[in-house]
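Heads up, the next two complexes both have chain A, just with different partners, chain B and then chain C.
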Partner chain A sequence: MRPRPDRDAEPHLLAEEDFLREVHSFDFWFEAVSGYLEEQPFGHDPDLVETPMDDVARDSLITTLCNYCVGETAALEASSGLVRLAPNHHSRVFLATQVVDEARHLEVFMRRLEDLGVEDPEAEIDRRANQGLEDFRSRLLELVDRGDWDAAVFAQNVLLESMEDTVFRFHEQSADEITRQVLVGVVADERRHLGFGENDLGRRLAHDPSGRRRLAEVRAELDPLVLGSFEGVYRDLGIARQDQPELGRHYLDAVERLGLTA
Partner chain B sequence: MNETTLDTAESSIVTSSADAAPRRTFELDDTGFKEVPKRWRKFYRHWQGAGDELAPNEVICPVCKVVIRSHREFRPGDRVYCMPCMSRLVVVERPDGRLEADVLY
Partner chain C sequence: MADFLSQYSIQRWLEMCPQGYLEDTVYGHEEGLAEPDDIMGDEDLRVASIALTVQLIAGERCALAASSGLVNAAPDDASKTFLATQTLDEARHVEIFTKRLVDLGVRKEDVNSTVDELANPNLVKFAEVLLEKVADGDFIAGVVGQNIVLEGMAFSVFELLEATSKDLNPKFAQTLSGTIADERRHVGFGENRIGSLIREHPERREDIERMQSEMTYHMLATFADVFSASGDSMDRGRQLAADHGELDGADMKWHGTDLATASTEDMEAVLANTVLGEFKTRLGRIGLEYRSPKVPA
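Now for the complex of A and B:
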C-alpha cells in the first residue's frame, strides 16, 4: 500500500499523482466536510434563533430557496449518472462524494423551506421553479443519458457550479444568520465541484483540443438558460441591478482558461 | 504568521530558475480554514477580498479564490497545489511585478 504523505509535509511538495490520489479520495472528502459540518445538523448551528422577517422578505427567500433546490436536484441527478461515465476510479470516487454533497444541499435547503413555514416543500418547489432552470436541468440530463462526459461535466461542474458559487456567496452577505450558515457550508462544497470540473476538462482538452469547438457550442446553448435563471434569483432577493455582482464573471474566467471563448 | 530565519534544508522544496537570493521562510498558523483535512489547513486561508494584502508566501487560487500558502517565499516557476479545489498551479510574475498563480492542466 502506498503510504499517505507525512503529517507535516508541505502539500506543494507532493508528486502530482500523490496529490490527485489525496484530493480525490473519500478520506480527504470525509475529513474536509467533518471540519465545517460537525455540530451543524442541517447546515447550521441548531441553537440559532430565527431572525424576524416580514412577509415579503420571507416569500422572496422561499422563491430563492426553491430555485436553489432545482439547481441542486439537477446536480444530484446528473452527478449520480456521471459516476457510470467516469473515465477512471479517481473520478468515480470523487463523483460519489459529489453525489452526497448535492443530496445534502437539497436536504438543507428543503429543511430551510420548512423552517420558513412551507408545509410541502416538493410542491412549493414545483410551483415556484424558474422555467429556464428546469430547461437547463432537462438538457443536462440529456447530456448524461447520451453518455457525453465532457459536455455534462462542463454543464454541471463548470457552468452550473460557477453560477451557484457566485450567487450563494453574494446571498451570504445579506442573508439571515441561519440561511447564511447553510450557504457557507454549500459554498465550501462547491469549491471541490467546480475545481474538479475545470481541471478534468482542462486535462482532456489539452490532449484533444478539437473538443473545444463542440463544448463552445454546448456553452452557447446553455449559457442563456442559467444566466437568465440566476438573474431572476437576484430579482427575488430584491437586489438592485447596479448592486449586483457581475454574475458571469467567475464563470467566464473559467471559460477563458479552458479556451472555450470562440 | 511569523517570519523566521532561512532554513537551508528546505532549499530543494520547490525549484525555480529565478532563485538568486535566499528565500525567506515562514511559520504558518492555522487561520481557521476548515475545508481540507487538519494536517493541510495551515496551508490555506480565506481571502478577505480587496484590501487583503498577500504575504510573499501567499498566492490566490484563480479557480476558487482561496489563498494558498507555503513555508517559503514564492518565486516565479514554483508549483503549488490548491487542495480545496484540487487545482495544480504555477506561480508567475505579472508585468507589474505581482506574483499570481496560473492553472496547469
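Now for the complex of A and C:
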C-alpha cells in the first residue's frame, strides 16, 4: 500500500483546517479504498462461483440492483455537479473522490446485472426504476442545478447516502456471496460520504440557525420520497413488513444529529 | 463503441493509475524528494516557479470544473464513468500542483489569492470559453474543448516542462510524468468518443471549430505572455545549473530543440508548433478541421 503524507500523525489530533486537508485528499481516499478494492476486481473475489437461484429470486434481485443503479446514477450526477459548487479546495477534492466512488458503484452493479443475464443493463434499469426514486433523483438534481450547496449536500450526502447505507447493509445479510461482497465495498464508501455530509453541514449549521430551518423544510419535502423508496426496495427484496428493519433509522439518527427534526 | 468504452472502466483506471504508475508516490513523486536548492535559494527563481505553477493550477482547475460538469451531459453510462475517473484525475492534478505551490513557500491560506493574482488573464479567458459550453450542457463541444484542446495543450506543456526538469528537478519531473500519463488517457477518450458523435451531428462542426479557434487564440496569447516574462529567470536558472555542473550530460532535447540553450522565442515557437500540430492531427481524426485563430498572437 502506498504511504500517506504525515501518516504517523493521527488525523483527529490535527487542527480543523489541517484535518480537513488531510482527510479530503487523493492520498487519503486511495488509502481508504485500496484495502477493499485490491484483489477484488468489480467488487468481489473473482474466483467466486454463482450461487444457484430460481427465476423468481433472480428477477427480484435484478429489480433491486436496477434500483440501486438509479440511486447511484443520481449520486454520480449530483456529486459531479457539486464539484463546481464546493466552497473550498478540500471539499472539491473530496467530491471528486466521491464522483469516482459513485461511478464505481454504478459499474459494479451493472456488471452484476450482466452476470445475472441482463443483456442491456441501461435499458433494464429504465424499465424497472422505482418512480419514487426517480422523483427523488430529479429533485436532487434541481437542488444542484440551482447551486444550493447546503440543500444538495443534505439531500445527497445525508439523505440518499443514509438510505443506501441502511438498505445495502440490510441486503448484505440475505444476499448471495457475490452480491454481498459487492455491497460490503459500496457500504464502506457510503459511510465516508455520509461522514463528509454530516461534518460539512454540522459545521456550517452551527453558525447558521436559518440554514437549519431551511434544511428542515427540504427534509420535510423529501422524506416521503425517501421513505417510499425504502419501502419499494424492501418490497422488491420480498421482505414482509414485520421483518423489515425500522425504516430509515440511520437517516433519522443523522437528521437528529444535525438538529433537523420537525 | 461499447468495446472501446470498456477500456475506460473504473476497474481499469484503478489498475492503471492508483495501483499502477502512481503506486508508491506521494503527491505524484517519490517520497522524500524536495524542490532543488537552486530554486529555493534564489528569490527570483522561486517567484518564477510560483508564477509557472499558478498557470498549471489554473488550467487544472478549469479541467476539474469541465470534466465534473460534463458527467451529467454525457449520453451514456460508460462516458459518465470515464468522466468520473477524469474528474478525480484532474482533482489530483490540482492537488499536486497546489502542494508544489506550498512547497515553494506560499502559505496555505494564501494559495487562492496567489492563484487569483498570478493566473494569466488569457488563460482565464481560455477557461471561460470552455466552461460556457459545459454550463450549457453541450457534451460534444465540451469534450472537444476539454479532451482535445485543453488536454492537448496541457499534454505538450507538461512534456516540455518534464524535459527541462528531469535532470534539474526530479520532484517536479516525476509529478509531471504521472500527469502526462493521465492526460494521454483523456486525449484518447476525446478522440475515440467524439468522432462518432461528430459524424452523427455534422451541423455542430461550425460552432465547435469556432470554439477551438477562440481557445487557440487565448492559448497562444498565454504562451506569448508567459515566455516573454520568463527570459531573465530562465537565464538565471541556466547559469546556476551550469555553475553547479548540472547541465553536464543533461539531455534536454524536445522536438528537435535543445531546451538547455534555446532562447525564449525558440521555446515558445517549438511549444506552439507542437501543440498546433497535435490539434490538427487530433481534430482531423474526429472529422473536424483545425481553424486558425482570427489574429495571430
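Criterion: the second predicted complex is superposed on the first by the 250 of 262 C-alpha atoms of A that agree within 3 Å, B and C clash if a C-alpha of one lies under 4 Å from a C-alpha of the other, contacts with A are read in each partner's own complex, and residues count from 1 in each chain.
Here is the rule we use: a contact is a pair of C-beta atoms (placed from the backbone, for glycine too) under 8 Å apart; a residue touches a chain by one contact, two chains touch by 3 or more.
Keep in mind it's a predicted model, so treat the numbers as computed, not measured.
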Combined model on chain A: chain C and chain B, fit or clash: fit
A:M53 touches, of chain B and chain C: first, second, both or neither? neither
First, second, both or neither for A:E77, with chain B first and chain C second: second
Centroid geometry (CA): angle chain B/chain A/chain C, rounded to a multiple of 10 degrees: 100
First (chain B), second (chain C), both or neither touched by A:P41: second
Partner chain(s) touched by A:V93 [first = chain B, second = chain C, both, neither]: second
Which of chain B and chain C A:N199 touches, first, second, both or neither: first
Partner chain(s) touched by A:R191 [first = chain B, second = chain C, both, neither]: first
Touched partner set for A:I239, first chain B, second chain C, both or neither: neither
Touching partner for A:E102 - first (chain B), second (chain C), both, neither: second
Overlay on shared chain A, then closest C-alpha pair between chain B and chain C (Å): 13
Intersection of chain A interface sets (partners chain B, chain C): 27
Chain B-touching residues of chain A, taken from the complex the two chains share: 7-8, 10-14, 16, 19-20, 22-24, 27-28, 31-32, 35-36, 188, 191-192, 194-196, 198-199, 202-203, 205-206, 253-254, 257
Residues of chain A that touch chain C when the two form their complex: 2-5, 17, 21, 25-27, 30, 34, 37-38, 41-42, 73, 76-77, 80-81, 83-84, 89, 92-93, 95-97, 99-100, 102-104, 106-107, 110, 122, 141
In the complex, chain C residues that touch chain A: 9-11, 13-15, 18-19, 22-27, 31, 64-65, 68-69, 71-72, 76-77, 80-81, 83-85, 87-88, 90-92, 94-95, 98, 108, 111-112
Contact footprint of chain A on chain B as seen in their complex: 13-14, 34-41, 43, 62-64, 66, 70-71, 78-88, 103, 105
